[in-house]
Amino acid sequence: SPGLRFRLPFVIILFQAIFLTLFSLFVTYNEHTDAAAQTNETDHSQNELYEIFPLFQDIQVMIFIGFGFLMAFMKQYGFAGVAFNFLTANFAIQWALLVQGFFNHYYHGKIHIGIYNLINAEFACATVLISLGAVLGKVSPIQLLVLALFEIPIYVTTEWTISEYLKISDVGGSMVLHVFACYFGMSVTRVLYRPGLKDGHSKEKSSYQSDLLAMMGTIFLWIFWPSFNSALANRGDDQHRAVIHTYIALSSCTLTTFALTSMVEKKGKINMALIENATLAGGVAVGTSVDMMVTPGGAFILGCIASVVCTLGFKYLTPFLAKHLKIQDQCGIHNLHGIPGIVGAIGGIITILLSSEDTYGLSLYETFPHRAPAHDDPKLSEMVRLLPVLKAGAGRSASEQALYQAATLGVSIGASVLGGFLTGLVLKLPILAQLPDEHCFDDEPYFEVPELEEKELNQIKISSENCEEKLRLNEN
Amino acid sequence: SPGLRFRLPFVIILFQAIFLTLFSLFVTYNEHTDAAAQTNETDHSQNELYEIFPLFQDIQVMIFIGFGFLMAFMKQYGFAGVAFNFLTANFAIQWALLVQGFFNHYYHGKIHIGIYNLINAEFACATVLISLGAVLGKVSPIQLLVLALFEIPIYVTTEWTISEYLKISDVGGSMVLHVFACYFGMSVTRVLYRPGLKDGHSKEKSSYQSDLLAMMGTIFLWIFWPSFNSALANRGDDQHRAVIHTYIALSSCTLTTFALTSMVEKKGKINMALIENATLAGGVAVGTSVDMMVTPGGAFILGCIASVVCTLGFKYLTPFLAKHLKIQDQCGIHNLHGIPGIVGAIGGIITILLSSEDTYGLSLYETFPHRAPAHDDPKLSEMVRLLPVLKAGAGRSASEQALYQAATLGVSIGASVLGGFLTGLVLKLPILAQLPDEHCFDDEPYFEVPELEEKELNQIKISSENCEEKLRLNEN
Amino acid sequence: SPGLRFRLPFVIILFQAIFLTLFSLFVTYNEHTDAAAQTNETDHSQNELYEIFPLFQDIQVMIFIGFGFLMAFMKQYGFAGVAFNFLTANFAIQWALLVQGFFNHYYHGKIHIGIYNLINAEFACATVLISLGAVLGKVSPIQLLVLALFEIPIYVTTEWTISEYLKISDVGGSMVLHVFACYFGMSVTRVLYRPGLKDGHSKEKSSYQSDLLAMMGTIFLWIFWPSFNSALANRGDDQHRAVIHTYIALSSCTLTTFALTSMVEKKGKINMALIENATLAGGVAVGTSVDMMVTPGGAFILGCIASVVCTLGFKYLTPFLAKHLKIQDQCGIHNLHGIPGIVGAIGGIITILLSSEDTYGLSLYETFPHRAPAHDDPKLSEMVRLLPVLKAGAGRSASEQALYQAATLGVSIGASVLGGFLTGLVLKLPILAQLPDEHCFDDEPYFEVPELEEKELNQIKISSENCEEKLRLNEN
C-alpha cells in the first residue's frame, strides 16, 4: 500500500519538523526546571517534581501499557493495537504540550514547562485514545494522527473555556474528559460509517492470547486509575479521598460486572470483553465527585450503577446504535466513557447539592473555590482569619454550583459532537489513506507479520480435506 | 451450567447489597481523609497518603497482576486464573475493609478509613489468594467467594488476637500471613480431596505462552516484594532495612533456585514452574526478621535456605502429601508459603535472640516496642530523656520475646488448620456448585472461550490420521 | 546436556558460597539503614530511602520486566530470554554490590550499604544485560555468568577511574554505561564469532506472540527511562530536567522511528523489531546532557538523531559488521546503545560548550561541580556567600570540561573493547559449555518446554503431505 510507504513518513516527518521548530522557538523551562531560577533559598526537596512523579509514572503505564494492550484485544490486530496507540499517544502528547502551553503557560514569549505540563498533556492524550476506541481497526495511522491533530486543540479550547468561564469541579474528568472524548469519537465514527461492516467482519474477534493480554491492559488501567483520578486534586485530604473513592468505586463496579455478565450472556458464561471493559466504568463514574465528600457508600453505589449501565450498554445499546443510528462504536466507548461519564456528572451534582460547611468545614471553599465569598463579602475576611490560605471566590451557593456543573456537561457534549463531526469530515478526505473494508481489523496492511500458525493451519486443513474428498471418490 | 447463571450473580448481588448497606451505614473518613478535620494548622504535604501511596500501588500490582497472571499458568485455565483472582481479590478487600474496620478502626459508631485501611485489607486479601492456590482449578467461583467470606474474619480475628495479646514482630507476615494462609488452604484442600485427580488430570499443564505470562506475574511479585515487606515497618531505617533485606533474600533465593532446578530435574533441564515459584520463597523467609538487624549476610542465607526447602518441597513433599495425606496442593503453596514461612519464623526468633542494645542502640525499643521497660520501670524515664519518642513496653527480654514469637507460630498454624477445616466443610455444601472432576482446570464451564486453535488442530489431526489409515488399507 | 546438569549448579553454588561469605564478612549497614545510627535527632521522614524508592522500583521493572521480555522476542527462545535475564541480572547485582562496595563504600573494614548501593548495582547490571544482547541465544547460561563475573569489575574500575580522574557529567550514562556496555559486548561477540551463523539460523525469528511480549518489554523500558536517567542527577531542578528531557527525546525518537521504518522496509510496512528497539534510542542519546540546560528543543532533536542513526544502523550497519568485521550483534546493541551513546556524548559536549552562568546562574557549579573555582580562587568565597552549599571545584572552563568529556568517551571505548576481548577469550574455554550452532536460539537444551503446538503442526503437515503424495501416485 503506497499510502503507508510515502504518506505516513511524510506526515510524521512534516509534523515532527513543525513541532521541533515550535519547541525550539517557544518551549523553555519553568521555575522548577530552570537552573537559573534556583537560588540560595531554594529547597530542592520541595521541587514540584516530587509531589507528582509517582503519579506521573502510573499514568504513563495507563497510557502506554493499559490503553495499548487493551486495544490489542483483536486476534489479528495486536501489533496495530499496541503500536498505533504508541504512535498516536506520542503525537498527541507533543501536540498537547504545545497547545496547552500556548493556552496556559505562555508568558514572556515562551511556553514554560515542567512535570505538570506532561501530566496535563497525558490527560489530553487520553481523550484522543478514548475517541480512537470508536474507530479502532477501521482507520489508517495517518487518519489517527489527523484525529489527534484536530481533537487536541478542540479539547484544550473546550477545557479552557470551561475552566475559565464555568469554573466547575471535575478532577477525574468525567465530563470534561470522558464525556468529551466519547461523543467526539461517536461523532467521528458516525461520519466514517461503513455499511459494509454492518453485519460484522470475519476478523473482528479475539483469541485466547489476545484476550489475556487485553486483560493485562485492563488490570493496569484498573490499578492505576486512583492515580489518574487524584493527580489533579488538591494536595492533602482531597487527593487522599480521590484515591479511596476511586478504589471503592472500581471494586464495586468489578464485582457487579461479574454478576451481570453471567446474567446477560447465554448459558451464564462470563464474557471476557465485558470484564475487560465494564470493570473500569466505576473509575469514570466517580470522576467528578472523587475529591468531594461523596462518602465511601456513595462511591460504592456509583461503581454499581456504572457497571449496570455499562454492561447493559454493551449488550443492548451498542447494537442499537450501530443498526439504527449508524454509529459503529468499535470498543464500546459509549458504554465505558459516555454513559458512566454522565452518571459521574449527575453524581457530582448530587454531591454538590448535599455539600455544606457542616460536612466540609472551611475546606468547602478549598474543594469548591468558587463557592468562597466574593472579594467584597465581609464574610471573607472573617474566614480568612480562620484559614489564611483561603481566596476570594464567586460566592456561589450549592445549587448555583450544581447548575454550572450541569451546564458543563452540556458544553462538553455540544463541543465534542460538533468537533467530532468536523474532524470526521476531514478524515474522509481520500488523501488520508482510508482502508477498504476487507483490510479492517488486520495487521497485514501495515506490519511485517510473522507467518501466523493459523495461516499454515488453514493450508493444512484444506489439503487434508482434499485428501479425504479424493479418498471418498476413490472408494466410490 | 445453571449454577453459574443463577447462583453466581445471586451470591455476588446479595453480598454487594449487604456490603453497600454496611459501607453506607458505618464507613466514614478518618482524620486524613475528612475535609472537616483539616484546620488552619494542617500541613497537607504531611497527609498520611504520601507516606505510603507508592508502596500501595506496588502492592496493588502484586495482588492483581502478580497473583493474577501467576495463577494463569495453566494452558486452558488462563481466563479463570486471572479473572477469578480479580473477582476474589475485590470481594476479599471489600470484606476485609469492613471486618478490619470493626476490629481496629471503629469508634463513635463508625469505621474510619484512609489509605492504610486499604493496605491492610490487601494484606488480608493476600491470605485468601494464597489459600486459593491450594484449590486452584478445582473450585467454582462461588466457592471462592465463600472461601473469602470465611477466611477474612478468621484471619482478622487471629491477627487481632496475636497483635493484642502476643505483641510480636512480623512485619512481612511470615507467620501471621504466609503460614496462616498456607495451612488454611491446605486444610481446605484436604477436606475437598478429589480421589479422581490422584493420578493427575489431562488439562493440568502449561503451554509455552501460559508459562511466559505466569513468569511475568512472578517477576512483578518479585520486583514489588520489597514494598510488601516494608509497607508496615516503622518509617525510617526499619523500612529501609526491610527493602534491602527483602531484595538480598530474593536474589540469593533466585540464584539458588536456578542451581537446584538443574540438579533435581531430569537431564538437568530448568523447570519453569519451579522458577515461577521458588524464586519468591526468599521474600517469605525473610518476612519476620526483615526490619530487624538480621544483617545482609543473614538475609542472604535465609534466601538460600528458602530456595532449598521450597525446591525440595515441590519435588518430593507435594507428591508425598497428595499421596499419603490426601492433600492436593495445586500450586504448591506449602512449598512457597508454608515451609519458608516457618523458616521465616525461626529466622525471626534467632535474630531476636541475638538482638541487643549493642547492635540497635535505643532503636531496639522502637523495633521491638514490647521490649521497652514497663511504665513503672525507672529505666524508662532515663531512656525517654535520651529518646523522647520512646513509649513504655512490657519489659520483655530477648528470650521472652522469642518465646512469644514461637507461640505466635503455633497460634497461626492452629487457627488456620481449624479455620480451613471448617471452611472446607462449608465449601462441600452441594449448593455451592462443586465442579465434577472432568471440568477442573478448564475455562470452558465458566467463560466464553474463543475457539482454540488446538481444538481445530485435533480435528485436523484425526482427519489426517484417517486418511493415512485408509491409504494403508487401500495399499493392502 | 551434562554441561547444564552439573556445571551450571556447580558454578552457581560455588559463587553463591563465595558471595555469601563476602556478604557475611564485609557487608553491613550504612547510616540510613543502621538502627544504632539513629538518634534522638533523626527525622525518619528524611531517610534516604524516601528520596529514591519509587525510582528504584521503576528501574527494577526496567531490569527484570523490560530487558527480560525484550530479550524474549525470539519464537523458541522465550523462556531463555526472560529466565537467563533473571539469572544473570541477579548474579550481576550481587557481584556489583560487592565490587562497588569495595571501591566506593568501604571503610572501617566494612562495606556499608543502603538503597543507593542497590541502584548503582542495577546500573552496573544494566551494562551486563546490554552486552548480553550481542550474544543472545548463542551462549550458555554458564557463559553468561562468567560474562557478568568479568564485566562487572571492569565496568566498575572504568567508571571509578573516570569519576576519580576525569570528573565528568554523564548522569544518564550515555558514555560510561551505554557505550561501554555496547563495545564490551561487540568485542565479546567478535571473539565468539560463529561462521556457521553467517547465513542466519532457522530459529532466529519472532512469532506474533513473542513480538507482543517483547513490545511490552520495550514499553516498560520506555516508560521508566525517565527514572533511569534522573536517578543519579542532583535533587531538584536537575532531576526535574532529566525527567522532562528524557521524555521529550523518547517521544521524538518514537515518532521518527515510525516514519523511518515505513520508509526503509519493503512495501512500506512497519517492522516490529525496529519499533521494539529504535524507539528507545532517544533515551540513550539524551543521557549525557539530560540534567543540563540542553533545552526542550535540544532534547527533541537528540531524539530524532538517535532514531535516524539507530534505524539506519539496523538496516545497513549490522549486516555490514556481521559480514565484513565478523561481529554478529544479535540484538543490534550497536544501533541502540553504541551509536546513540556516541551521539549522547557529542550532545553533552555541545551542551557544555554552550553552558555559562548566563543560562544556569550559580547552579552551573552544582550541575558541573568541577567548573566551580578552585579552593584558592578568590571568586569562590564570593560565590559561597551567595550560595553557601557551593563547594570548591577544579576551576575548569567550558571547553576544558568538554575535553574531559571527549576523553571519557575514548576511555570508555578503549576499556570496553579491551575488556570485552579478554572476556571473550575466557568465554571460549571449552569448560564453559559452548553451544553448537544448531542449538542456538532454542530453549530446548536448557528448559523443559511444553509440547509446542508447532511441533505437532509440523508432524501433521508432513503426514498430510504424505497423503497427498500417495494419492497422486495412486492416480497415476
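In order of appearance the chains are A, B and C, and numbering begins at 1 in each one.
One rule holds in what follows: contacts are C-beta pairs under 8 Å (C-beta built on N, C-alpha and C of every residue); 3 or more make two chains touch, one makes a residue touch a chain.
Here the structure is a predicted model, which is why all the values come from computation and not from measurement.
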item	value
Self-contact between copies subunit B and subunit C, residue sets same or different by half	different
Angle, in degrees to the nearest 5, of the Cα rotation that carries subunit A onto subunit C	120
Approximate Å spacing (C-alpha centroids) for the pair subunit B, subunit C	33
Residues of subunit B whose C-beta touches two or more other chains	54, 209, 453, 457, 460, 464, 467, 471, 474
Complex contacts: residues of subunit A adjacent to subunit C	1-2, 4-6, 8-9, 12-13, 15-16, 19-20, 23-25, 27-29, 32-40, 42, 44-45, 47-49, 53-54, 57, 60-61, 64-65, 68-69, 72, 78-79, 82-83, 86-87, 90-91, 93-94, 113-115, 118, 141, 209, 213, 446-450, 452-453, 456-457, 460, 463-464, 466-467, 470-471, 474
Subunit B residues touching subunit C - in the complex, by the definition given at the top	51, 54, 58, 75, 205-209, 211-212, 215-216, 219-220, 222-224, 226-227, 234-241, 243-244, 247-248, 251-252, 254-256, 258-260, 262-263, 265, 267-272, 275, 279, 293, 295-297, 300-301, 304, 358-361, 363-364, 367, 386-388, 453-454, 457, 460-461, 464-465, 467-468, 471, 474
